[in-house]
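There are two complexes below, and they share chain A, which is joined by chain B in the first and by chain C in the second.
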Partner chain A sequence: MNNGNNSILLAGLPERIERDSARITLARNARSKVVGYFCPHVPEELIMAADMIPVRLAQGGDIDAVTAGEDYLKADSCPYARSCLGFRKTENPIYTGVDAVCVAYTCDSMRKNQEYWADYLGIPSFPLGITQTHDRLRSKTQSLEYYKNELNLLAGRLGTLSGQPVTNSKLKRAIELTNRIRDKLWRLFEYPADKQTPIEWRDVFRIAQAGFTMDRQEYLDELTLLDDRLGKIDKQSLTPDSRPRLMICGSIIAQGDDKVLDIVGAAGGNIVADSVCTGSMFSRKRVTLFGLAGSPMDALAERYLYNIPCPFMTDLPKRLSRIVKIARDYNIDGIIYYSLKYCDTWRAEFKAVRDIAQKQLSIPTLLIEAEYSPADIGTIKTKVEAFIEMMEGR
Partner chain B sequence: MSEHIVAGVDIGSTTAKAVVLKNGQLLLGKIESTGSNPARAGQEVLESAITDSGYDKSRLEYTVVTGYGRVSASFADKTVTEITCHGRGAHFVSPDIKTVIDIGGQDSKVISVDASGRVVDFVINDKCASGTGRFLESAAQLVLHVPLEDLGKLSAGATSVCKISSMCTVFAQTEIISLLAAGESKENIIAGLHASIAGRVGTMANRLGVKPVVMMTGGVAKNTGVKYALEKELGTSIIVPDDIDPQLIGALGAALIAEDMLKAKTGT
Partner chain C sequence: MSAISNSPGYNRLVFDTELKSFEGVLALLDTDISALNQTGKKLIAKSPLSPPEPIYAAGGLAYDAYTRETIVQSVMQENFNLANAGVDAGLSPEFNPWNLIMVGSLAGGGSESGLAGAAIACGCWDDQYKKSWQVLSDCLDAPVYFWEIPRYDADSEKWALRLIKAELEQLFKWLEFQTGRKVTQQSLAEAIRQGNMIRRDLQVFDELLQSDSRLLGGLEYYILQLVSSDYLPNPNELHGIYSRLIDEIRHKSQPGQAVSAAGSAKALRIYLMGDETQQFQLFNTIESCGGRVVGADFRLSLYYEFIDKKGSPLDSLARWIWKMPCNMPTGQRIRETIPFITRQKPDAVIINSAAGSRNLPGSERMVRDIIKEQMGIPVLSIETSLPQQDTEKTEYLVRAFIEMNSY
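Coming up: the complex of A and B.
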């Protein structure tokens, strides 16, 4: 439960950040071009270095947008992917406010998204090819070189769009700013590792999501302010949280897709860590610039190719060892594995995650397959409540 | 602790069940149809179970409600999911069980329990009637025109087992109509329906890992044909409670939890 003192401190803060993001979205259209991206394989630093404003188009949980997206994608495809197109039709201000999009080829539906944005919505839509295949017969450099080449092409296109070419020095400045945001966010995500925490994962997650659309400098300022305030709290004075400690892992949890998180909270579960692409992973790893002579593009490629929690792009052993590490670092009692219905990429990984959690951590994993409609709330509630009863009975 | 009465109520999609315990011992169980008002059905079956036990409802000290209708049961002192309740109830009936397969009217679930009856893992089928009592009910009543309770007996007379491949309840009906038109016997078709459910539930069970002793609970456990098909599918024998109606196991578990809660409350 919320500690009394922390609820006073944090009252309204996530809401303020969310409100700001809407204001900034409207304001910025006047002064600069806005470029949207979906998957976090697209480095926002490239967009910033071309003097444009990056926004992550990661909204969801809206059944109207899903239905609208069925004009393009079939009804049994991932609801997030359908929404990516649907939000244009339902006139979501962030989706209609973008001047261009960058789309990483991370699954079948996103690939078609890239093409439909260009061909049907008439918005410049830049593809980002990406592959990660290496074993005894294929060197690591092969995929890295390919990805770097793709990033260079993207940088060129972004520069042409804005009329402001991406230079090394602008790229370095963008990397530095983004790294500072990462450092601040990561400190927040580390707090819930402790049972006595001044901020819960759910609030940190909302703050991370609010950052998708905020002005980067203003976002950093807000995070710094919050970090300073939290730093002043004596953790020893806080009541330890005794609820079962859960980790959420799986498909994208888009902004507005609160259904499962709400159910877990109402059932008495406490999510303290995540491995989802909208959560802590953005901040977990900085872009490392090696010295003054180091190529920023090399650094970006290395960071963005290998550090996104995506089962489509990551070898299974690496995915599993990361999940095990997070579970240990945060003393997890159970994993909630979230699979958006029809998201084959994540659903396919579930068995391996469940098995490793059982074998190496002796903790259970609960599979939740959900859509954005409220129809499955009853079943999900029963599953989540039974899972938490099971942990409390231990 | 002096003489005390507690109850468990399980409000399922088809039936509402109540179990009454006196001093922790099973006194009475009752089953009624749910109808269109789940909360009222739960309250009614509870009140009539208490009356049938020879007590006044004011004597009832603690009630735990489970089943999908639990969310609207305002008379509950506590609600617990059917997973926990079925594990607890099955363990009480037979303390050596490790796996519980509950096939109800609207969903089916497989539950692993430890030596003390605590749930260690579970799977529930996802919002679809395949592999549930509803699947059998619709086929029996709408297409085959045989009473639901005769399915087990009839399937024993099958000479071969029809292949029914549709998981969907509606498509399966169409498939059955085609089989009937092709001259297949009702018996063979019913055996096919049972094999279809067993296949569906068996896949779920194998995902979890089936450890003997296995117990079947829920309304479908009374169908000997499904039990037989599931034994074949899983390659292990399955027990069905005989001292108590298998449909009451969830309510029994809820009543046992009510007894625990009352003891914790009164500090005994």
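Coming up: the complex of A and C.
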């Protein structure tokens, strides 16, 4: 347990998250442009280097936004994808506050998002091509070359939008700031690897999500402050947490999509690690600039193409080995496999994850398929409770 | 005839029995994999919308498992339980029935695969297809190879073409390893020449449908399109089968020859778009309700234009792949497709979504809006699933749509 430290450590964080929409409005009033992006394959450094404000549009869990999104995408598209369009219609201030969006060509639903934002929602929607065959041995050379050129194209488009061209020096500064954020966040995500942790994964996850919309320098300052406070806590004085240790992996867990996390917590489960694109994945890998002469665009391409591959990419072995490594590092007792309903890419890999977790780690995996509606709460609760009970009895 | 003609699915369908040469096409549905293996050539699975030329250039035989396994197992034999086998293999039950049946059939023992390998193009057209082969790679005793086709963006052309060429060159090497035959400039040029023959045949079928008379039934046209994606049993034979059919239709359409009575000159001319349907009876329904199928874009990407025979075959193939309509963002795809649709002189468009499919149905609204805006003709959206599932609703919608727009 974290012995009640969190309320002090995270004081005011929800309010600061609330403030972000106001910040975006203020920025727009000050004629700073705000650029949204959805998938983490879009380097926010490019937006920063074009003197604009990056915000990750990763909100979810709102049934009204899902329904509004059905004006464009069918009801059997994943609820996150529908929300990405729906939030603009329901006038979520963050979604209405953006001057443009950058959309990586990842899964089918996100590609459709790019098209609808471009043709129906009235603001520039910049596509970013990204390769799906993610094979380091075979295709890395041509994939990197293609992706780097796509990044250059995007940088040019962003520069035109802001009137401020992206230069190497501005890009290096943005990379440096973002790397410092990554380092701080990664340290936070490491705490729950220990049973005596001053901060729980759930809180670190909230902090990571808060970063999607916060001013980058302000966010780094907050993380630094928190890191200092945590560093002063004597971990040996904390009571070891005896709850079953869980890892959550799968589809995006958007800001506001708390249903499954809440159910797991209420059922006595302790999520200590993740493999989701809104969690520790962002902080996992730095952008590595090689020397002063190193090309920042090369470094960005390498980092963003070869971080943990999302399952729209073909490199399943890499994903599996990453999941196994996290499970070992965090001493996991079981995996919650979260698949948003109609998220084809994640859903099709459940069996592979379940099998490898059983074979290499002898731990069970629970598949949870969920929408953003409250209708499935009862079913999920029953499954999660049974899963955790089973683990407690192991 | 073949096992297909004794199948329950076949017996539910109404074919144009006057079109004798079509029997050759129906026989293609019954392709015997073991017979293909006896040709000594390696059978390589491919995506429905990727060009078969690389496989033929490497001396292999292309096999569109998505189409063929589904037509035989689901449409004709009505082995719908194979969809469950697809789920058992690892797919979500929410996947579209084409992928479920294909995976169920190949992984669940519904069909002897006999595949030497699978070369699967990862384009922008379908996540489910890619994931299906990822799942199959665990179940099949054959290597699965993924290669990349980046999505079309005119501003990316320079480096995207370099990527496609690099991917093709590596694909050729992989194919050489599977078939034992090297892809050369000559073998690729020859494969392109043969592929262009098939493309020309498919263009001719479209031209025949432009006629005011009903020269070719909708169901027959649909099957012609479906079996074109792998050139089986080989490009020359397929071209021969298509040519005989074209000759017969042309002969019948000459003055003084009786044209099939089915479908009057006043029939509502319908162009079909979207996903392919397993409900083949849809084509019979359209005609029995007073409509006539005058074209479809299901496989248009395979024959939208010839692959240029001049210059380097690799360059030509790469450039042709890059501009395949299926590789374009929806708005551009539809605008590029509209000239093809217009040529068929349709009165209306029906867009089909395969239940569970996310790709084309995801852009259905955009397709509908662009067609209405640019062509000014009515559009009906339908959703179809397995052959016998919810057909009454589709029939009702199609009947009402045709009646409403026939005046």
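Definition applied: the second predicted complex is superposed on the first by the 355 of 394 C-alpha atoms of A that agree within 3 Å, B and C clash if a C-alpha of one lies under 4 Å from a C-alpha of the other, contacts with A are read in each partner's own complex, and residues count from 1 in each chain.
Just so we're on the same page, a contact is a pair of C-beta atoms (placed from the backbone, for glycine too) under 8 Å apart; a residue touches a chain by one contact, two chains touch by 3 or more.
Just so we're clear, the structure is a prediction, and the values are computed from it rather than from any experiment.
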Chain B versus chain C as contact partner of A:Ser283, first or second or both or neither: neither
Partner chain in contact with A:Cys107 - chain B first, chain C second, else both or neither: second
Which superposed partner A:Met390 touches (first chain B, second chain C, both, neither): first
Touching partner for A:Phe312 - first (chain B), second (chain C), both, neither: second
First, second, both or neither for A:Gln132, with chain B first and chain C second: second
Chain B versus chain C as contact partner of A:Ser251, first or second or both or neither: neither
Partner chain in contact with A:Ser83 - chain B first, chain C second, else both or neither: neither
More chain A residues in contact - chain B or chain C: C
Contacts on chain A seen with chain B and repeated with chain C across the two complexes: none
Touching residues on chain C, where the partner in the complex is chain A: 89-92, 94-95, 122, 124, 126-128, 130-132, 134-135, 138, 146-148, 150-151, 153, 155-156, 158-160, 162-163, 166-167, 170, 329-331, 353, 355-356, 358-359, 361-366
Chain C-touching residues of chain A, taken from the complex the two chains share: 71-74, 76-77, 105, 107-109, 111-112, 114-116, 118-120, 127, 129, 131-133, 135, 138-139, 141-143, 145-146, 149-150, 153, 311-312, 314, 316, 339, 341-342, 344-345, 347-352
Interface residues, chain B side, partner chain A - complex: 68, 71, 80-84, 107, 118-122, 124, 126-127
Residue numbers on chain A that touch chain B, as the complex places them: 364, 369, 375-376, 378-379, 381-383, 385-386, 389-390, 393-394
